[in-house]
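Structure record follows, encoded as structure tokens.
Which chain is which? They are A, B, C and D, in the order written, and residues in each are numbered from 1.
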């Protein structure tokens, strides 16, 4: 699979695994058919700062590692800042992913967005720049071999 | 090529190579297109006994060896006996030939027949059982792989 | 380095050091091209013949019915594509199954794109093909039945004899992909009415990149790789002499130990299966419990995705696989597991353990002990398991 | 054992002991299937990549343009058959030559039987293809030009650059069978406008049973061997890791010495040619005197049949060939020698001597000395020579 050391570290020692009771927002994306499901729990305070974040993931090594890294990246950030955490940022923080695994980082981004959306809905907020997340990002995927 | 020791012996030390001046009969068969030509010279006495025989051959190892063996087999025989020297007899005397080389033994038989025919014509004889030889036996050949 | 336990012998095997030793002279000493005239090289033709004979004997076949190829995939491609070509006047329909290796499946799909009709037979929940379904699928224009001898993922051994008899009765050619079965279970092409059979050396401690196709005398297929007159004009290319010697030597060694190996491995396999099913909850065995390759065990652990499992086992020094090696990296769950009726999320969580004669009971115990911990750990992380537990509570 | 002089390096070469050494760990230690997930095996994917890079660099190609195959024949079959398939909407005509190796020629004939139009270009008396004849043969429906880089029998090097330029100008794919040329002459696929190129490891001191096809990025051909997702989904089959490492190592070694080897061998070759032409009457050199592989010499001795010559040389410990190795055993004279205009009886009497860097001047002297005696001896036995002498006398 040729995962980077960072990916392996986050896979072996995933940060923030677990659940949050009565979360400010929770989002689940992906589907079992495609082999990955990510669920993110957010605990957000009144200043819109993410105080805590937890995840559960059913998926491959990259799915676990991107979930772990995504939670690390949004923790302590404001909602607005968290929105800026893209799949690219996650990938970079992990020193890259194999091409077939790029979709995992998209899924992680989407999982954060889904949790934020849930938070916004529950709190009747409108978060600038946040769209209703797709639950499944697989439709975006590309074949590795573009030319044939 | 997997030639038998006998074949190799007759190839390395061919018996009866050469020409006979004023032969009783001479026959040349085969053609250069197919890669083998055999010429047999016979010296036949008044009792129809083959006193001497020589050959020249353009061809592969098996062509040389079968020529050599065929001359050995007819030497000292009567014309009638010589007619009985078949390609099978030549092959057996050589402990067999690879399948692709069986045609060489046919060519050797044919060369003897051609020389005998020449002898018969020159001496106005009719030899029982001797037919006008084909100069080229390759048309009889079969593919090794009969089934496809 | 810590532990190292290789339990992926269905993906490939270690080349036996005796095999390598037998190959070595053919690289740097007897390196001649067997088609050459001079004795130095022509001797290699003999050597090749000897290997062919070893293999022919092991199958109850004739020496000149064994054709060397570059492996199982080439053999499978050859058998299917050349049959379709050679028997085009007879018909354009072939019968195969949904659980074939991709070397058959993708070739069949390719042939479909060329206008060939293909029936892909279903299998039951244990992966077994029903011989009566084969019979029912036969049409007047059927020219080939290709059913694998044993499945590479779930280890199920198919009813080859019954299918062979049906093929023979109906005058239809019968090919079997025996890449996983050859040298792991006894095979007699006469008794089983097999017309063509694919095998690959690296699955029985031979080298990679060499295999063979058995073609019954009288089967009219021609070349798949055209060119020189090698392999009785049916497969071109300078002969891979070291590879051929390696395969022959491996076949000789494996044939001599076939029965005892099968006995040893299947006992160990059963021990593994029993422990796993007893000690790890929400687990199922995939493939037939009895009609099964001696060295194969395949499990599904609910709520778990296979790759994570493999990586964690790897971290413990254990080499195993999920689905087949060729498809890892792809996102689709195994077509075999879907064919036996597993839902997608369970199909994603499968583990194949394939033993060798070198595997010990200690290895298996270590595997099971680690597996228990790892499965528990991954489930802790799984949103599916979380949902499941919540539902259970509600009940 | 007496003398042993191997002068048939065009048929196959000795595997370099350094190559074997590099291969060895991949049989019994790092034997993992590169497609597997666990690190033990996945490391072999890296190893493979390194070999691919070595080869790519040697051709001025990109790493992902190199696809491993089982040898030259498979590469040739793949290039032709897959092109015809992939570009069927564009046309159904291909251009090749009369002097190709059978791996191309028989494949082209097979394609003809499937309705493809094939132009087989003539060559001149030195075996050279005229680029203008290539241009003239192009039709609107031409999809492929396949011209060998250097001929395996007579050693002539074709005007690949000119042909490549014509192909490019006309937007037609250009394939070259470089099995004899790769690692014997410098090749740059960019400079020469080559879209596909076949090579085989055993022709440059690598192992048998492994080769590659270079496929320029953008060429749309798909698989020839269908199945698993190996080789970027274009060539199925468990990777022959030892073979790949062997080929990569051989390429690395050969690339480093290419220029000096070519210089050394061509000087020796010229010495051989000069001696033979001067000292043996009724002899001709086949192939171009200058545009010629550094290690190839090919002679025709009138009144002589090739096999006898080979066997007698063999008895003196000298390994050489007549025509190509693949066709020996067949009764037909070389199609290449007929194509350069030799009459049948002369075409039957050809001798190919192919050197290596290990060949010495002493070897060549020994060869020529024996050759003189043997040719004289066979001519003594030849009815054709007898007739010739008689005619000469009459004059």
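Throughout what follows, a contact is a pair of C-beta atoms (placed from the backbone, for glycine too) under 8 Å apart; a residue touches a chain by one contact, two chains touch by 3 or more.
In this text the structure is predicted, and so the values were computed from the model without any measurement.
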Quiz prompt | Chain located farthest away, centre of subunit B as origin (C-alpha) | solution = A
Quiz item: Counting in whole Å, what is the centre-to-centre distance of subunit B and subunit D, each centre being its mean C-alpha position?
Solution: 39
Practice problem: Compute the distance, rounded to whole Å, between the mean C-alpha positions of subunit B and subunit C. | Solution: 55
Self-check item: Centre distance in Å when subunit C and subunit D are each reduced to the mean of their C-alpha atoms
Solution: 35
Quiz item: Hey, what residues on subunit B touch two or more of the other chains?
Solution: 1
Quiz item: Which subunit C residues sit where two or more other chains touch them?
Solution: 37, 307, 311, 329-330
Quiz prompt | Chain pairs in mutual contact under the definition given at the outset | solution = A-C, A-D, B-C, B-D, C-D
Quiz prompt | subunit D-touching residues of subunit A, taken from the complex the two chains share | solution = 1-2, 144-145, 147-148
Quiz item: Which bits of subunit C are touching subunit D when the two form their complex?
Solution: 4, 6, 8, 11-17, 19-20, 24, 27-28, 31-33, 35-41, 69-74, 76-77, 101-104, 106-107, 109-110, 200, 202, 207-210, 223-230, 236-243, 307, 310-311, 313-314, 318-322, 324-330
Quiz item: How about subunit C: which of its residues touch subunit B in the complex?
Solution: 37, 42, 45-46, 217-218, 220-222, 232-233
Self-check item: subunit B to subunit D touching residues, read off their complex
Solution: 1, 8, 11-12, 14, 17, 19, 28, 32-39, 56-61, 63-64, 98, 100, 103, 138, 141
Practice problem: Within their complex, state which residues of subunit C touch subunit A. | Solution: 303-308, 311, 315, 329-331, 333, 343-345, 348, 380-384, 386
